[in-house]
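Chain IDs A, B, C and D follow the sequence of writing; residue 1 opens each chain.
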Amino acid sequence: MTNIELYHHFREQNKDRARLLIKCPDQPGIVSAVSTFLMNNGANIIESSQYSADPEGGNFFIRMEFSCLDLHNRRIEIEQSFHEVSTKFNMEFQFLYVSDVKKTAIFVSKEQHCLMELLWEWQNGDLMMDIGCIISNNENAEQLAKSLNIPFYYIPANKDIRAQVEERQLEILKEHDIELIILARYMQILTPNFVSHYPNQIINIHHSFLPAFIGARPYERAYARGVKLIGATSHYVTNDLDEGPIIEQGVERVSHHDKVDDLKRIGRNIERSVLARAVKWHLQDRVIVDGNKTIVF
Amino acid sequence: MTNIELYHHFREQNKDRARLLIKCPDQPGIVSAVSTFLMNNGANIIESSQYSADPEGGNFFIRMEFSCLDLHNRRIEIEQSFHEVSTKFNMEFQFLYVSDVKKTAIFVSKEQHCLMELLWEWQNGDLMMDIGCIISNNENAEQLAKSLNIPFYYIPANKDIRAQVEERQLEILKEHDIELIILARYMQILTPNFVSHYPNQIINIHHSFLPAFIGARPYERAYARGVKLIGATSHYVTNDLDEGPIIEQGVERVSHHDKVDDLKRIGRNIERSVLARAVKWHLQDRVIVDGNKTIVF
Amino acid sequence: MTNIELYHHFREQNKDRARLLIKCPDQPGIVSAVSTFLMNNGANIIESSQYSADPEGGNFFIRMEFSCLDLHNRRIEIEQSFHEVSTKFNMEFQFLYVSDVKKTAIFVSKEQHCLMELLWEWQNGDLMMDIGCIISNNENAEQLAKSLNIPFYYIPANKDIRAQVEERQLEILKEHDIELIILARYMQILTPNFVSHYPNQIINIHHSFLPAFIGARPYERAYARGVKLIGATSHYVTNDLDEGPIIEQGVERVSHHDKVDDLKRIGRNIERSVLARAVKWHLQDRVIVDGNKTIVF
Amino acid sequence: MTNIELYHHFREQNKDRARLLIKCPDQPGIVSAVSTFLMNNGANIIESSQYSADPEGGNFFIRMEFSCLDLHNRRIEIEQSFHEVSTKFNMEFQFLYVSDVKKTAIFVSKEQHCLMELLWEWQNGDLMMDIGCIISNNENAEQLAKSLNIPFYYIPANKDIRAQVEERQLEILKEHDIELIILARYMQILTPNFVSHYPNQIINIHHSFLPAFIGARPYERAYARGVKLIGATSHYVTNDLDEGPIIEQGVERVSHHDKVDDLKRIGRNIERSVLARAVKWHLQDRVIVDGNKTIVF
């Protein structure tokens, strides 16, 4: 199947599926109210996960995936009638429809292993997203993007022209209705202005096991410290460098035999699998940001 | 704290906590009905996990942990009033009370690493169980059992006297009201008669990654085959040797350097941690047997 | 860098590097004799690994990687003069030159994840091999092969035409001077005749943790058994199905939530990384076959 | 077997075994010289591992384990005659005799899981050491130590009396001829004076994945940061807190469900296995300190 055929198949298969994400102060009766609401609206709960930050007075989080006949035509009605429940329990909530495949942009620099992995899992149907564009400050991914009919934008970038570069990037993102930006080893720092346009919608992969080795050259520093495991961390981008909510982490064993280049080579495999998992969970609406942490349902 | 103090503390802390386990044909409205029932009975859901074997016509499983004021005095009332719900949805169900610490018996033979781990995690408060007795066909654990005030029964066993041995064991188990038997590397085969007294209440640790190396001498056979990972499997005991529902498995990497004795040494660490995890999940009522498989919530 | 440039760079960088692999009856003096031989020939040992199957009368194995000025011109002289040592200790041995990049053929069927991984690591310089050709019984990899300038042969195959198919394949392999065949999820069984042409030179990936689930449909059988970990195994092909010497294995955790399709999806990631590691170790001359086992230095 | 019997058996079995550890500037001919020396002295190399920090001008490290008839009586002769080789290559070296079981002291505070694991593996024969004494600033391990006939010293400790405490500890260590101090979650900081008496002979377990969460309360900080993996690190103690050469590290997966107490519970299992591995490798003379890093052969 081509990716266009994959989409159509996926959308058709999931046209009656949605996810309801809720955050509210913990109190008795929430599950009862939500599940009764869904039942009364003819929905069948397929999967449900919940989390009480602190049963005595913290927040309560729930993700319910449900199916409902003729969902497409009943969206507005269901969302509106949920206000009664949400008001009673003081809920923040979102209905997310599985057939609304998310539009994403992939940012990349010279190293392409994370881009390759994302494209591979996407072609394979494992990452259900609509890649609106690839933006790079390096030309080397152009051929690949074109061969897959993905719009490619080569935008040289450096510290001195950051403002113009981001302005251009924001235009492109708007043009493509991007809902999620994936930094697949994009080696430029984003300004607070840029980040503010996409709160909890930018996923980065940092090439260390955070909070160890925040910042530049983590493999060199891991080598210098003589660690026996190296790692990678995928997190939402905030204005504090490498300090955003962590979605996923992974590690691999290394030994004294491994030089910096070996750590980078081993690290590439960790980076691409950690990033792909984090993106997949986001696309499946499994990640809820709670302060500077994530709940991954 | 001594273990007696640990119990008292644990029971006091959890006197209002229970778990409701349900299995029933899947259909809309189950979560709504159960959560509404709990709410109407003043219970607050602390943790909830569910599983649809197949949303189109399979079974539905749910485990809800809840707290409820004055639970001890309201048990009978709650259980009785639940019959309305359970009848409507054709449910098999169990209410399990966290403060009813399960009475267990540990069976062991010569090798004591699994017994040691269980006792260690028990002393530490990580395995909340009431060890009614230790039964062994070897005297070497007697000292240890006595030092912890656990009744110890030395019952020599072999193929020829299996019937008498099991008769004696069953007496002891009845005497101590045992609800869970843990085979901590007990090297005798149990008869169908014995097993029939404790359906899904006997947990074994097999020293291989099942279904590889079913039966005797798995490390010798793993060595002969030249595998690069060895494992251990904890499962409920049925009448098919090493074929019961798997609860947990673990593996570790080995190399050509490792001889059979090394595999055994490495394997001991896998066995004890895998068994301890399986027992913990059983004690927390997280394991539901479904045919020849387990659901581990 | 293109792959042609990568080769040139790699060959130039490694023109003075070689590996000496030895198997002989264990006895004192082997390391001394070999290392003294290398020193007398102006070679510097870079890496050395050894293994005594059994210090009392078993075999001894050693792999020494060394560098030696002007190695290219001194190959014949060094190999010939080593006969004195090898005869004394009754050695089987091989000198392997790092700049002689191995010619490989990749066999593939419909599923392409293993092929993709091999090509990706190859483009990246992590798998240093010269891919002579890709042979498939499915047309879908043709485009990809052509875009990388790798000869692609589409040879429909099934049980009934096995003899002709293999005859044609053997011709192609000969034509390309293939030294290593990689079965990247090639779903046809090879005949003893075919295998006999490439002893310990055919690497397969089996989609289970051998010896569990030998043969067809391992994920379906893993699902039916309810295992909590699934795996993949890379091994040399012999005439006993899935019984050849194991090079590498890997596993991932699964749960009751995972259906057969989930196991396949998770399994694809294990398969591709396990196969890539096994191939890399073979290409680096790290794998010695000893009976039905491997020594991986 | 009792531990006394285990020792006798082990010493008898290994009376002809030794390890030679060497560090010297890299140059051709080292392996040849050392292996020829051993052969000429009637020794058979059982295991050999080497490492070139940098083949162009760095240091070279080698660990050779060998057996040699009548080793006990030939120690002095062999060591003296090695000086010719060591002088030529400017070597730092050590001959270590396997039957000289190392005398160790275990320091512990309130938490006993690491102590328990060490004692368990020691009783089991997996950690071949002679435990000279257990020193604690808490009385709770006294019973256990006495039951195993290990001298126990209760020495209350705090910041204000550090000098006296360490003076007393040093006396005890001298009295017992201690060669290795194991800090099994000993929660007092050691002064530079104390550390200077045991360079690279004090092994600590830090309850985080260093260099993340250096210092106090690492689990609390890991929880606050929302990491998805937690770890533990075993390292030699130097005068920079948690900055000494790392011997081993381990991690386990955690989730948003895990509170600080869960992290501590999960962490205890990581800590004890990581510390036990580090201690085992030290006892087997596998660890060479090189600057602020370790080579683990």
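A few remarks follow.
Basically, contacts are C-beta pairs under 8 Å (C-beta built on N, C-alpha and C of every residue); 3 or more make two chains touch, one makes a residue touch a chain.
Every value quoted in this text rests on a predicted model; they were computed, and no experiment measured them.
Chain centres here are C-alpha means, and the one lying farthest from chain B is C. Remark: among chain pairs A-B and A-C, A-B carries the greater number of C-beta contacts. Rounded to whole angstrom, the centroid-to-centroid distance between chain A and chain D, based on C-alpha atoms, equals 43 Å.
With centres taken as mean Cα positions, chain C sits 37 Å from chain A. Contact of a single residue of chain A with at least two other chains is seen at no position. The residues of chain D lying in touch with chain C in their complex are 27-29, 31-32, 35-36, 38-39, 42-50, 52, 55, 67.
Taken together, the chain C residues at the contact with chain A in this complex read 113, 116, 120, 124, 126, 147, 265, 268-269, 273.
Every residue of chain B that touches chain C in the complex is listed here, in rising order: 51, 209-213, 225-229, 231, 245-251, 255-257, 290, 292-296.
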